[in-house]
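Below, each structure is written out as structure tokens.
Next come two complexes built around subunit A: one with subunit B, the other with subunit C.
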Partner chain A sequence: MSTITISNLHKRYGSVAAVDGVTLEIPTSSVFGILGPNGAGKTTIFKCMLNLAQPNAGAIRYEGRPLSAPLFERIAYVPERSVLYDWMTIAEHLEMNRRAYATFDSGRAGELLEQFNVDRRKRARALSKGMRTAAMVAFAFARNAEVLILDEPTGGLDPVNQRHVLSLMINEAARGNSVIFSSHQIGQVERAAERIAIVDRGRLVLEGLVDDLKADRKIVEGIFPDTRFRLDGIADDARVARTDRTERIVRLLVTAGADEIAQRLSGTGATAVRVLDLNLEDIFLYAVSPATATTDVIAEERVL
Partner chain B sequence: MNYVEWLRVRNLLRIVAIILGVLLVLAVVLRISVARYTTPAHWISQIEGQPDVKVQHVTLPDGTKRTIVDHPAQGTHVVVDDRGYAGTHIVVTEPTKSHHENDNFSVGSVSVSESKHGSVKTTVIDTNGAVPMIYYMALADLVALIVATMLAAPFAREADGHLEVALTKPIPRARYAMEAIAADVAGIIVASLLTIAALYICQLLFESPRLDFSGVNARAIAIGIACPLAWYALVCAATTWMHRAFGAVLGFAWPVAILVGVLAAIHPRNVVGLFIHDVAWVLSRFNPISYVTFPNEPTSAAFFASDPTFLPRLAVMLLMFVVYSGLAMVKWQRMEA
Partner chain C sequence: MPAVLTVDPRSGVPIYLQIIEQVKRSVALGVLQAGEQLPTVKQLSIDLTVNPNTVARAYRELEREQVIETTPGRGSFVRPDGVAESPRVAADIGRAALTAALREAKAVGLGRDETRALFEAVLERWFPTEST
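This part shows the complex of A and B:
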């Protein structure tokens, strides 16, 4: 299964658009991270991908084919919350998976459960949140699936097990499989994902290779002597994606030509002008938080 | 086989087996407690002690222990044939002043027939007669209905936080649903069989059971299987369509069914009461339990001849099972996580 294609996906719950025209292509042999604030639509995208929720519009195709029941043999899913049966033991869950999936490797599942210190004799209700997540992750990675869809797969895990899950994801991609996951821990996404998509309020706001996104985007920061200053049209430059202002400090998010923009900013009277690299957290925050200062700065510039 | 549903069934059957096991233990205790009363020897020895009573003991060629008790003063003559586990045949001849005519009745395996000739009454008591299967089915059906109610939320239970597991298996939803229903149906039938087996063992503790499968008993078996299955499907459809409140549906299923059944059965004289009765009667037509009736008849009557309504009632129950199961599956197909 090489590629998953999501085309113009729409999903509404009543009057709320949970997913609003998302289009994505998820390549094989990669770890693909989906980032977004709470309620952004990440889980709904996953559910639509798995036919757990019926899209209002759009299409999802696996190697060009729509999802059908037999394809679930090749897709493993770890939901955001525990879906283990409280009254069943972990050993019974293992048996359930063994019976359900021809490619399930019981031995591998046993190894992973041991690595995560999950006691298979215990009932699911007796496990902590982290242990439940670990059990679900262990079962998913023992499936030998070609596509792993993991919704917050490190939720509740301790740092050691979180790192272990990230390693498993990277290993799966190295084996030629596709891993799509969401996480609120941007550091984890930065560590594991090659590509990311950022969704906000159901819309795709940014998508690309993590390295490209970081290389293209810079912050140009300048400090003015007082709060009355002019930007001489810099904020309107097509390369300036966003302008933020805090008192005398102006920060410009630029997508290209950072040095040139920095020179122009110096020309407006700003001191201590510098060009900063962005990490993924910066990219994420700029993508999903409203540009609070842009209007003010531009408006003030016009007034002044 | 739907493994999760099978585990649910297995766990419930385990509880049923434990309860029936406790009943068996109680039966064993009872058997030991009444051991000395279960043979005629006990009361014959008491009679022997009375004055003017003559008692003769004879062993017949087939091993039967015959005891003949004569009480000339009272004009009573008793012949007791004790065949051990094969039962006891007792003939009591005694004078009577009653004008009561002949009478026949049976309780379980004991049949009693009384006949009067002039001023002499003859009572023939036979133990270890054939037990009508309808007695067994009555209890088995009750257990099966309880088990059916407890199992009747396979899809609602999946919808209660497990759809991500159930709906991402590499089989079509319809097949998943049919496998779940099949597991539950098997569980209901096994619960019924377990109850019959327990009753049989209980009876075996006291006598060698012989079961009567003829006439109404055969029909009771058919209804006894169809009714719990149709009831299961009805409750299953209700829990699936109201899956967010499936616990309440399970809890109120019996009280509502009983209330509707009672309201449908009574015939009030006032207009409001009649209206309620009519509504309840219509509602009761959707409940398979309302089709369980057995007209009074000899147990040896022919299978169909004596009850022309049997086949239509059985067909309605089977149809209910199919339709209600289908309704549950329609909702299951449309469920979203």
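This part shows the complex of A and C:
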């Protein structure tokens, strides 16, 4: 059964189409990763899912029903920007959450704050970005929610705490809940997410099981004796998503049938033909416009 | 079960295939023995920090290939005949490695005879013929 269906979602801000016709199914008992360059529309999708933004068209349904107040109780959200009150201590925030949500587990929240080393006597303004993220994550995971929507839930965290957040997400999926998260750190998405969606400029450009995307998408590379070579229609094959030629080298991005295409490439006179695996970062970079994607990813990966 | 499983999520090889390969290898090497219990899907997914459905997919495939069996409520175990199959698994692992090596030899432009000569030389180093 799929918990959340997003159908043909459109959201405009003025003349900008932040989300431009996105359709997604987010299953239960799973971690779902949303990837995209800055400004791709990830946060807007999350806001529409939570009714914090009104879509211009399209629908979002939870188990076939639109979002309602009782459903809202079962969803926990960690926004990308801090929503903690600067003047309140973390202990006061904990108390506020306890009063706001019937299913909030104060004991669990306390444990999580301790694991993340968040000093609950401190006011929010005295905490670093990472500690604020950690506090929001701790409160979200103490909610006993069935759906967790996490926008950059590891922002500013050190590697140990980042891994801890991934473990918490995986634990929720193992308990049957749905986790939807976005991250610029592709390695985290690759590790924790079963299924991913890549959005770029408001549109869905790729969606699927991470393992299936890796199994199917390959680079077939061939090197020719000289620059005058013909591909005999290989580039027109429906399974060849992209062809890059530089001098004597041709690189084909294939979406299936890599071995067969490699054989055909050998048949055209290529001397060295290789089939190369792609990791999620490669898949991401091929899926989005390279200029935006490259700067985005490299800048964020340096954080690790 | 000994902590023998590791995955490299950044590799281009799907994680579920990495788990399958490692369980088979552990069985072939005797690190995992007949009747030995594997961690639960949930436990292994937490240990490896990978999605539980990915682990479940690997276990389903290992069941289908009759390497392990799962009894509801008890867990997953290495099948006795899973271990009996280990020579075949070892042959599969060897074949895959040789295939990769020969593909590479072809890719760098070596001919059949040159490749055979190299193979014989390497074979002699690792499996010396008895001098007596």
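By definition in this document, the second predicted complex is superposed on the first by the 281 of 304 C-alpha atoms of A that agree within 3 Å, B and C clash if a C-alpha of one lies under 4 Å from a C-alpha of the other, contacts with A are read in each partner's own complex, and residues count from 1 in each chain.
Operating definition for what follows: a contact is a pair of C-beta atoms (placed from the backbone, for glycine too) under 8 Å apart; a residue touches a chain by one contact, two chains touch by 3 or more.
Given the structure is predicted, the values throughout are model-derived calculations rather than measurements.
Enquirer: Return fit or clash for subunit B versus subunit C, each positioned on subunit A through the superposition.
Expert: fit
Enquirer: Of the two partner chains, subunit B (first) and subunit C (second), which one does A:Glu260 touch, if any: first, second, both, or neither?
Expert: In the superposition, A:Glu260 touches no partner, neither subunit B nor subunit C.
Enquirer: Quick one: is A:Tyr101 in contact with subunit B, with subunit C, with both, or with neither? Answer first, second, both or neither.
Expert: A:Tyr101 sits against subunit B, while subunit C stays out of touch.
Enquirer: Have a look at where A:Asn51 lands relative to subunit B and subunit C in the superposition and call it first, second, both or neither.
Expert: first
Enquirer: Which partner does A:Asp277 contact after superposing on A: first (subunit B), second (subunit C), both, neither?
Expert: The answer is second: A:Asp277 touches subunit C but not subunit B.
Enquirer: Using only C-alpha atoms, work out how near subunit B sits to subunit C after the chain A superposition, in angstrom.
Expert: Once the two complexes are overlaid, subunit B and subunit C approach no closer than 27 Å between C-alpha atoms.
Enquirer: Output the subunit A positions appearing in both contact lists, the one against subunit B and the one against subunit C.
Expert: Touching subunit B and subunit C on subunit A: no residues.
Enquirer: Which stretch or stretches of subunit C touch subunit A in the complex?
Expert: So the residues of subunit C touching subunit A come out as 9-17, 41-42, 45-46, 49-54, 57, 107-109.
Enquirer: Going by the contact rule at the top, pick out the subunit A residues touching subunit C in the complex.
Expert: 29-31, 163, 166-167, 170-171, 173-174, 187, 190-194, 210-212, 214-215, 271-274, 276-282
Enquirer: Can you check the complex and tell me which residues of subunit B touch subunit A?
Expert: 1, 3-4, 7, 11, 161-165, 167-173, 336-337
Enquirer: Spell out the part of subunit A that touches subunit B in their complex, as residue ranges.
Expert: It comes out as residues 47, 50-54, 69-73, 75, 77, 79, 81-83, 85, 87-88, 92, 95-96, 99-102.
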